[in-house]
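Structure provided below as structure tokens; questions to follow.
The first chain written gets the first letter, and so on, giving A, B, C and D; residue counts start at 1 in each chain.
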Amino acid sequence: MSTVAQTAAPPREHYLNIEYGIKSWLLTTDHKRIGLLYLMAITFFFFIGGAFATVIRLELITPAGDLLTSDTYNKMFTMHGIMMVFFFLIPSVPAVLGNFLVPLMIGAKDLAFPKINLLSWYLLMAGGMITLYSVIAGGVDTGWTFYTPFSTTFSNTHVIGAAVGILVAGFSSIFTGLNFIVTIHRMRAPGMTWFRLPLFLWSNYAASIIMVLGTPVVAITIVLVALERAFHIGIFNPALGGDPVLFQHMFWFYSHPAVYIMVLPAMGVTSELISTFSRKTVFGYKFVAFASVAIAVFGFLVWAHHMFVAGISVYAAMIFSILSYLVAIPSAVKVFNWTATLYKGSISYRTPMLYAFGFIGLFTIGGLTGLFLACLGVDVHVTDTYFIVAHFHYIMVGGTVMAYLGGLHYWWPKMTGRMYPEGWAKLSALIIFLGFNLTFFPQFVVGYLGMPRRYHAYPPEFQVLNVMSSAGASILAVGYVLPMIYFVWSLRYGERAGSNPWGATGLEWQTTSPPPTHNFHETPVVEQEPYDYEALPEVEFVA
Amino acid sequence: MSSETVTGPRTFAVIFVALLALTGTTVWVAFVNLGWFNPVAALAIACAKMLLVALFFMEVRHSSRITKIAVSAGLFWLLILLALTLSDYLTRWWPA
Amino acid sequence: MSHSEPSVLQVPELQSHFGDMAQQKESATFGMWLFLITEVMFFGGLFCAYLVYRLQYFGAFAAGSQTLDIRLGALNTAVLLASSFTMVLAVHAAKIGSRKLLVWFLVATMFFGAVFLGIKAVEWHEKYEKHHIPGPDFHFEETLTGHSPMVVDERHAQLFFGFYFAMTGMHALHMVIGMGLLTWLLIAGARGAYTPEYHNPVENVGLYWHFVDIIWIWLFPLLYLISRHY
Amino acid sequence: MWQNFPLFPAQASTQAGKTDALYFFLIAVTAFFTVLIFLTILVFAIKYRRSVHPKAVPIEGNNVLEAGWSLLPLAIAMVMFVWGAWVYFSYASVPKNAIQVFGVGKQWMWKFQHADGQREINELHVPVGQPVAVTLISQDVIHSFFVPAFRVKMDVLPNRYRTVWFQATQAGSYHLFCAEYCGTQHSGMIGQVVVMEPADYERWLTQNGEGSMASSGEKLFRHYGCISCHRADSGQRGPDLAGLFGKQVFLSDGRSLLADENYIRESILDPKAKIVAGFQPIMPTFQGQVNEEEMLQLVSYIRSLKQMPLNVNPDADIPSPEMRRRNPEVQPGPGEPMKVPNQ
């Protein structure tokens, strides 16, 4: 069972070779092609954001601010945050993998609104370009959180440019979420009931709810910041009676749930990977499915845990603290269920599974350290320190990026018809895991020691931990560049993949690799429960 | 779906007249001093008008279940935003 | 491309990725509703901020509100309700397949929409003359009337007018977009693009137009009415 | 770089112990679950690897397990919540006997002034063993007062006083950081909290010749002409401020509130916002004239006016403050004209 056993002959006509030329890509309404457009766009944004991170870690090797001026450093971490959050993490799993897979997994020909889907991509690109323009024109130094009154009254950088860029990208996110929800409701193949949906779809559905309901609030908040900056109405300016804490409420109403936009689809990927490489259905399917929806709903009730020292009332702080603990429960349920799925499975250690293990481990640490921040007494000390930085990087990089890379390896044969090189892929997964922990674990320690975040220079006793962090970051960078190279290499030299190289269940594996433009030659009819490996015909597969 | 159950122009006309009447009422009430009840009355009337427009003009009453759920969810989320934000502002001056 | 959408100018046909017309219509309607929910949250953010500041600076907000012309506000409410009424009749005309009625009701809807914007422009102009537009020229020395007269802080009155312009401006922007959509419907409708079988665009623009009406139904009491007595 | 390489911050306040106890509890829970998950994955991954376990056993799930691993974490989480909220509440309740210090955060420095008048920049001297309350305000953007060794942090807002308190337990010098990003020199907005033995602190307090904050405030009170309306013999143009601080105030619009630092500040900058019942809105604003440090001195002065203004003319015929304290009963009704004596 170790070689490619299925007939590796590629389909004669598929979505990649049906048309050629720039125009056939830039005007496409095929969800699979749009998924690839997103892949290219966010890879570009990821490496830009990564370049900013590199500069930050270089600066922090020494306690003194000797590499950059303070202003430049502040712009670097601002742009790192904006690029990574709005232009990489939020679109990562949903816009690339979700776009490619949502119609395939439910047996549809396309998303419900193909033209709006293409529009979403253009909006992300437009937003990204406007934001990049504001970088080139001089940069932004407010932090990705745009806290007022610094962003509205005191900063003299290109705040409006970046704000408009984010606003435009926000609409991209809204339309993607809207498209997914309608598609999942209205476009399912015959027999594809809600409880036969792959868990990847449940989690994308939950994330879409957040995109649709949360993003508009940050949109209006950004509009108010821009209005305030342009006309000095006073809405967030305390000198004119405005309340900067209200800005934080409105900002976090979206930006906390936004964390779940990033991590929910990643959880969905993990469910798929764990199931496939254990050859078992996910333990407690319905609990995992409902946990996604529960996270999406509870996620909206906890935002002010970002504001426990910011000047909210003691009583509101308690309400938000207890609600924050509630959102931890469905996350814990998921982790326990993934672990239980392994029990009596038939586990193979292919690269995607390594990433899934990485996700569970790092997400566990990231999630559990979240309890420290929901805990009022401890949050007072650790908020706004490197403890926070470590925590959210464990969730977003350790969680989301791990799952995103795992998913990319897993569905790469479906997307391109070629396998990635397994040896190199395992090596880079290992490098990423080690580099990541070396980068971010010391930050928990330096955070509890009291090093505030967004510090250009720091007291010398924090240096050892910062040097460890920077060393880890350079290892991590190697880990991220490697896949970039071998994925491109595999497009030409990779082994040909059959339609179902992993022997997985799921409709996407029942069509050719790469799939035809309309996904299926005839509309599939679903008669099996999800992840039913017992019913899968005994075929040989590479995994 | 709405295409099967066509609401006639007569119903629309009745609703339109009702909406105008409610507008007149709310303006009239605004000039009568009812103390704290003034804003309550104005907002209650606005709520009624919203329901009339949504149920009849927007045909929510003939919509699919999922549309009704979606509309309720939208209003519920708005309520979350308002209620939890006010949970801060209304308790800020309570003694610690 | 193999599944390009039909142009609205041709006889409507099924887009190739849908199974049947019912699925296509349901998807379009549901999608529109989801979009309107995002709009609820968008305006909801504004309403939330308005509410918080009104609680904090009640006197200034009430004094600002009392300078608004309640007659113009009420008239505009009636005008907008009338446009909603003609819009719903336009949708009905499309449903029964009457091209002539559809065109006339769309024209009527646009007429009322234009009247609304015109009255709004008159109100805004009055604010300009009274220096009630936030900014360096802002000036406000009205006294809050009530059981005890009260001079209010100019800065907080400016906040009220900031919200007044943000809210009515955002609403007017939606009206202008709606007028554009109506123009599009009008051109396509006049050429006979909509039939009893296919009129999703008319219904969806109708939903949008009614939603904009609902926003005004809330703005009118929040800005004009609830601060007359307290 | 290897000298002075701490892995845990100093514990130098009564709060530090409380926070750390909670922190260690959380670490224990975290470590337990992390090890549990890691070990389970490791054991399963090895035991059920495909080469030795080629055929997976289909298992749908187990409702008892699901209920268990939902409710157990919930119970642990509720313990964390109650404990955390208890600690937080104790941080928010400022002890009555705390030494009062005032501070202003501005881009990019900390300015402090003690009640006795000593001023310092980026340094804060406090005694061991006594609660210290620092009332803070920002002059521009949001800052955050953070002393890691004390485990206290509080965002410092413009236009609003907030009070953070701590009780130092060990003499020494500790980092003071600005923890909320505030612009170019954010990382330069650092200083030291110097904790001294009480005797040393007393000596330090007497070093500076400047008068107390209240006496500086009194000078300002004269300088800005406040005294011409706000004193017992000023003919009731403005409310008498003696004994005002911490008391209930009745306003002309029927509301009442507690006279605290924020109320005094607002009344100086925006006198029309909250008119005391029975008075006319005739006071001009001092917006743009009084800076934040002067404002704190004025607040200190008004705070110090326990019963009588410091400088009353003993010969003047002063009605007792109790008689003149306004309440709703003496407030003119809606139809009555306002009483404006001596205008």
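Heads up, the rule we're going with is that a contact is a pair of C-beta atoms (placed from the backbone, for glycine too) under 8 Å apart; a residue touches a chain by one contact, two chains touch by 3 or more.
Note that the structure is a prediction, hence the values are computed from the model and not measured.
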Top chain pair, ranked by number of contacting C-beta pairs: A-D
Distance-to-centre winner among chains (Cα means, whole assembly as reference): A
Remotest chain, chain B as reference, centres from CA atoms: D
Computed distance of Cα centres, chain D from chain A, in Å: 38
Centre-to-centre distance between chain D and chain C (centres being mean Cα positions), rounded to whole Å: 44
Whole-Å gap separating chain B and chain D, where each centre is the average of the chain's CA atoms: 41
Centroid distance [mean C-alpha coordinates] between chain C and chain B, Å: 15
Junction residues of chain A - those touching two or more other chains: 185, 213, 217, 245-246, 250, 253, 314
Per-residue multi-chain contacts in chain C, two or more chains: 26, 30, 34, 37, 40-41, 44-45, 48, 52, 56-57, 153, 155-156
Interface hub residues of chain D, defined as touching at least two other chains: 89, 92
List of chain A residues in touch with chain C within their complex: 18-19, 27-30, 108-115, 174, 178-179, 181-182, 185-187, 212-217, 219-221, 223-224, 227, 231-235, 240-243, 246, 250, 253, 517-518, 523
In the complex with chain A, residue positions of chain C that touch it: 1-5, 16-19, 23, 26-27, 30-31, 34-35, 37-46, 48-49, 52-53, 56-57, 134-135, 153, 155-156, 158-159, 162-163, 166, 170
Sites on chain A touched by chain D in the complex: 65, 70-71, 74, 141, 143, 147, 149-150, 153-155, 238-239, 244-245, 278-281, 283-287, 308-311, 314, 317-318, 321-322, 325-326, 328-329, 332-333, 335-337, 339-340, 342-349, 357, 360-361, 364-365, 368-369, 371-372, 374-381, 383-385, 445, 448-450, 452-461, 463-464, 467, 533-534
Interface residues, chain A side, partner chain B - complex: 185, 213, 217, 245-246, 249-250, 253, 300-301, 303-304, 312-316, 319-320
Chain D partner contacts - residues on chain C that touch it in the complex: 57, 59, 146-148, 150-153, 155-156
